[in-house]
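Order as written gives the chain letters A, B, C and D; numbering starts at 1 within each chain.
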Amino acid sequence: MSAKAIAREKIPDAVLLLKTKYRVIAPVPKGKTFVFKKIDDPQEIVLDYNTTILPLKKFFLPPREVLVEYNLKKQEYREPEIKSEPTVFFGIHNYELQGILRLDYAFGTGVKDETYLKKRKNNIFIGVTYTPDDFHFAKSVGIPTDLKEGFDIFLTKYNSHYRVEALTDKGKSIVSQWSEFLEECSYDSDPVVHFKNKLKQSVAGIREVFHGAYNHPVWKETSKKCYSCGTCNLVCPTCYCFDVSDEVVLGTNRGSRSRRWDSCQILGFTEVAGGEAFREKRYDRVRHRMSRKFAYIMDDRDRPFCVGCGRCIRQCTANISITDVMNALL
Amino acid sequence: MNNLSIRVPYVTRVEGHGTIAVDLKEGKLIKSVLEIVEPPRYFEAMMKGYLYTDAAVISSRICGICSVGHQITSVKTTEKALGFDISDQTVTLRKLLVYGATMQSHILHIFFLAAPDLFNAPSVIPLAKTHPDTVKMALRMKRLSNDICDIIGGRTIHPNRLVPGGFTKLPTEEQLLWIKDKLENQMVPDAKTSFELLKSLADKFPAFIRETEYIGLKTDSEYAFYDGDISSTDTGLTPEKDYMSITNEFIVSHSTAKHAKHRRSSYAVGALARLNNNYGKLNPLAGEVADALGMKPIVANPFLNTVAQLIETIHVTEESIKILDALLTTGIKAERPFVPAKLHEGTGVGCTEVPRGILFHEYTYDNKGRIVKANCVIPTNQNAQNIDDDMKELVPWMIANNFDKDKMTLTLEMLVRAYDPCISCSVHFLDVKYVE
Amino acid sequence: MEAKNIYVPEVADIIKIERMTELETFYDIKLPGGRDLGHEPGQFVEVSVFGIGEAPISVSSSHFKKGSFEMVVRNVGNVTQAMQKLKVGDKLGIRGPFGHGFKTKDFEGKDIVIIAGGIGLVPLRSLINTIIDPAERKKYGRVIILYGSKTKEEFLFRGELETWEKRDDIEYHVTVDRKTSGWNGNVGVITTLIPGLKLDLHNTIAAICGPPVMYKFVILSLRSKGLKDNQLYVSLERKMKCGVGKCGHCQINNIYVCQEGPVFNYTYIEDLKEAI
Amino acid sequence: MSKPKVAFFDFTSCEGCQLSKLNLENDLLDILELVDIVNFREAISDHGEDYEIAFIEGSISTPHCVERIHKIRRQAKIVIALGSCAHIGGINAIRNNMDQDEVRETVYGNDKYLFPSIKAQAVSDVVKVDYVIPGCPMDNQEFKRVLSALLTGKIPEIPEYSVCVECKAKENECLYDYGIVCMGPITRAGCRAACPTNGHYCYGCRGLVPDLNKNAAKDVMEKYKLSIDQIKKRFYMFNTNYVNMEEKSYE
């Protein structure tokens, strides 16, 4: 079969062209790891990366953002200006975009959260294939490496070049502007991606595993190792809980109410005004996180709120693994 | 005046707790001391057993005001003891940090602690109303020097990028350019204005002279701050490793801080001592200002330490611009702190000119990189006996000049403030076992 | 059209303030233009005080009250403490009403037992005043109110309590945990009022609200009386930060209290660990 | 409305927190508009004894300190412990684990009773403390937040979660990935992960998180090949008083 392809060395030029119209966000190195960052120099982009420290959610649900502004004197509340500049997310892994789709579900169904949704306008996603490492388990949660849901363009890596597939009209229009960078190439089939299954059971029916698992010993065992530092929640693409607080700029009438990433692993998370916490025990909190991912919250297609990026395992200082915990239940 | 008793408990606008005590009975001065009443802190004892990576963190807490100086000296001492390689870039950045900290400390002292006396105000707060432009300028100068420390050291108080072997995070070239621009276009003009101001207030400094031994670092290449040999106006050069032959610390009963002496009964360190040893190495503008203010060695009026601080502020501003130019020409090279392949036993001495004078640290490590012995000799300790000796001559001088008691008290306070003493530092306390 | 931002409160006026007890204060709130809040009994609003923050507060007035709505606030946190300092004419931010309250339609023709512990009376007063509204009362069977308080000094809505006691179409029982001078009534926890009730087991529902510890014992007691779980309704307290099912603080297993509650039929939550 | 009268008092400390306030620079003038500073030894000469809000810096470490702090508590309506030394005893408390008499004798020899000292304690060990502003040095943005809360009539709240929360929000690389032992996971946040963001390990200056899992901390540090002694030392650096208390409760 023949298809369009782009050589690796031409990618910076292709990005440069994108930059004339869009803000471009792509993975770049940070020390031993990677982060998503607004691109100034397309040469910094890496396409062979495992995972970034934080998921893409930081652009749509920033660690801290103002929900409401107000003036103490005028006694008015105002919605802050929410920018949604046209943005291309370049070099995105498919589980990453699945994380965004889960957030879309969380913020877009029921009561609609415009603070989030406004930032989801004018986004273009350009995906890229990846080589799973020891931490990835996306396939185990129903996200095979060739899933292209949500992407406008998808780049499949062959040795020194990438096959370019335009999947939407927006994608097609970009690819048409890239013509000078593209070449015809023929290929037999997609490269085989080795993916070790990390869960003993497929995600279908995994919710049922939690019936009767409430008092499973794994919760207490895991909680013995857990700091309750909240890292697993913060780095998770599908965790979106937040805390809300008000602040007044000292000596002024300017006040604002912000939301900040929160974590269900922290004791104070469920505390009510009287001081009672409803998940006081550390194991209650460990169980809540895992259950929320695989049983409590599912999207409209019954897919769990875990996309298998492996960040929570990779970044847990205490070496707690969500897959080990799940396997103990299965 | 035959009988007099002055007590200034908790001298204000100095760093830490000290009390001035002067007793005159039947025309005879029987007491004239700065009692240091700050609780003792036992730092050298507390550092024992800690890893070489922790030495700077702990010793920094000897004093928040001098934390840059303590950390620089601490990492240098550790590097000497354990034989670390550090890059030229690290040395350059550290110098910038020392200059930033010197600016910060001097500006704070000149405008916030000393100036109110020159304006007959109890503090800088009323000056904000009466001299708003001066206060705003001082705040602006201090902000910039803080920004320099923040950009190089991570933060001004207890910096968090300095480790033995280098920096855990480097400034960007944009940040360095920003500093250079601000120094050239803001600090230099503000420093010139400060000079005019100080010149107009010159008659407010008591015309008291007492010559003493002035000790500071000295090096061939520059006005010494970061390193050098120990230089005395009495005896010339001594290598840093022999610092104990200079400091000769001793205990006095009226002070939780140790005192020091060298050739005479006391010696002085600090801006004035440095100027007296390094005058020839002043940068052009600083040199001009020094001459215009009549600050040619040997200046022996202790009250003029504040003036020496302004000259140094100008000097380090010029020096910073110079090294920033060089650094920006070569560019910032990404590097991580040196990590030793294997640790070994070792002893090292490090010294730096910090705002209040020469600071020494000495550590001995075991073969696992743990501190066995630590010793820190702090500028304020070195100045303590000199302050007492100044007072001993100042009191009769004031009586001879018909000062009333209020004016005497204020002048004594001004004297103590002129040294910009850092009492927190001075009571870090020595591990006596080590000086046996 | 610009979608409405769910986080921006409306500015409302305080038109009446009344100190009820040492800790609790009553507020009457008028929305812009005197618009009705349009709440169900048992629903809550998010109340903002400028410069301080926001807190979920139960609505206490009847669904039929026109022109303004009422709430009672206990001084326990930043927002409620700041509210104590406000005066008539001051402004508050209001979002809501949120969640699900008591579906009075489902209660028509039934006997209703209302069990209120302490400040739990606040949301239940909304239910009471809705069902005893002169035009509504005949739609329901018996109305039985059980009210428990620590001491008589902590009684809320004292004037109304007296009217309820006097009315022939309300059976009102009250108890205090601790007797203080001048009290001649029942002493004991609220569950002590339950055994003496004579109920039509097939046609009764119970609405319960009180401090967290109360639920377990009241439910046990009602069950032993013979009421089925589907006849029990409870109102739960949680930390509802956003009020719109996003922030996660009020989540109990798979439900958001601010969305599906705070009023639940007991069958819906009895299998949820952590609920009660 | 009259401006609240505020006093700052320093006990055994490095005075970094005093300087930290002076480093607020431009905000300083705004603050002076909002409060009357009646006592601030490092910056002003007046000593007012009529104050409502007292900020306390430094540990309580001599009998004289004890006397002074009681006097302040009697006067002040609100007492705020400011900085690690006042909040948790801080670095001063390292010596609490040494034999006190020996420490004194080591330093003063025969004159060991000349300058009496007691174990370095947090202010709250001696008198009631209403609020705290942790950190070494205190974070002056947090100081502004607390002051702003007090002036608007709000309870000043400090985070109950760990430094990791703020460190992750800044997308820092985890220092454990470099084999560096960081106290971040068990240290109270609020500093915006100041040290890890600059590549330096967190030393726990803001005190330990309220629901510390100390055993987990040990496991992790052991995993990174630090001896128990070194683990303890890093725990003790700023948190000696807290760790001592914990160990007692385990015994």
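Brief remarks follow.
Convention: a contact is a pair of C-beta atoms (placed from the backbone, for glycine too) under 8 Å apart; a residue touches a chain by one contact, two chains touch by 3 or more.
Quantities reported herein were computed from a predicted structural model and do not represent experimental measurements.
Of all chain pairs in this entry, the one linked by the most C-beta contacts is B-D.
For the pair chain A and chain C, the distance between mean C-alpha positions equals 39 Å. One finds 66 Å separating the Cα centroids of chain B and chain C. For the pair chain A and chain D, the distance between mean C-alpha positions equals 37 Å. Inter-chain centre distance (chain B to chain D, centres taken as mean C-alpha positions): 25 Å.
Among all residues of chain A, those that touch two or more other chains are 245, 248. Residue positions of chain C with contacts to 2 or more other chains are 51-53, 77. For chain B, the set of residues that touch two or more other chains is empty. Touching chain pairs in this entry, ordered by label, are A-C, A-D, B-D, C-D. Here chain C touches chain A in the complex through residues 3-11, 48, 50-55, 74, 76-77, 80, 91, 93, 211-212, 237-239, 241-242, 244-249, 251-254, 259, 273-274, going by the rule given at the top.
Taken in their complex, chain D has these residues touching chain B: 10-20, 22-23, 25-26, 28-29, 32, 37, 40-47, 61-62, 65, 90-92, 94-95, 98, 103, 106-109, 111, 114-115, 117, 136-137, 194-195, 197-201, 203, 229-230, 233-234, 237.
Remark: chain B residues 10, 12-17, 38-42, 45-46, 49-51, 53-54, 57-58, 61-65, 67, 108, 112-113, 116, 122-125, 128, 135, 139-140, 142-143, 146, 154-158, 160-161, 163, 167-169, 251, 253, 256, 424, 429-433 touch chain D in the complex. By the touch criterion given at the top, residues 152-155, 157 of chain D touch chain C in their complex.
Chain A contributes residues 67-68, 70, 72, 75-79, 106-107, 110-115, 117, 214, 240-246, 248, 255, 257, 259, 262, 264, 269-274, 276, 278-279, 284, 288, 291-292, 295-297 to its touches with chain C in the complex.
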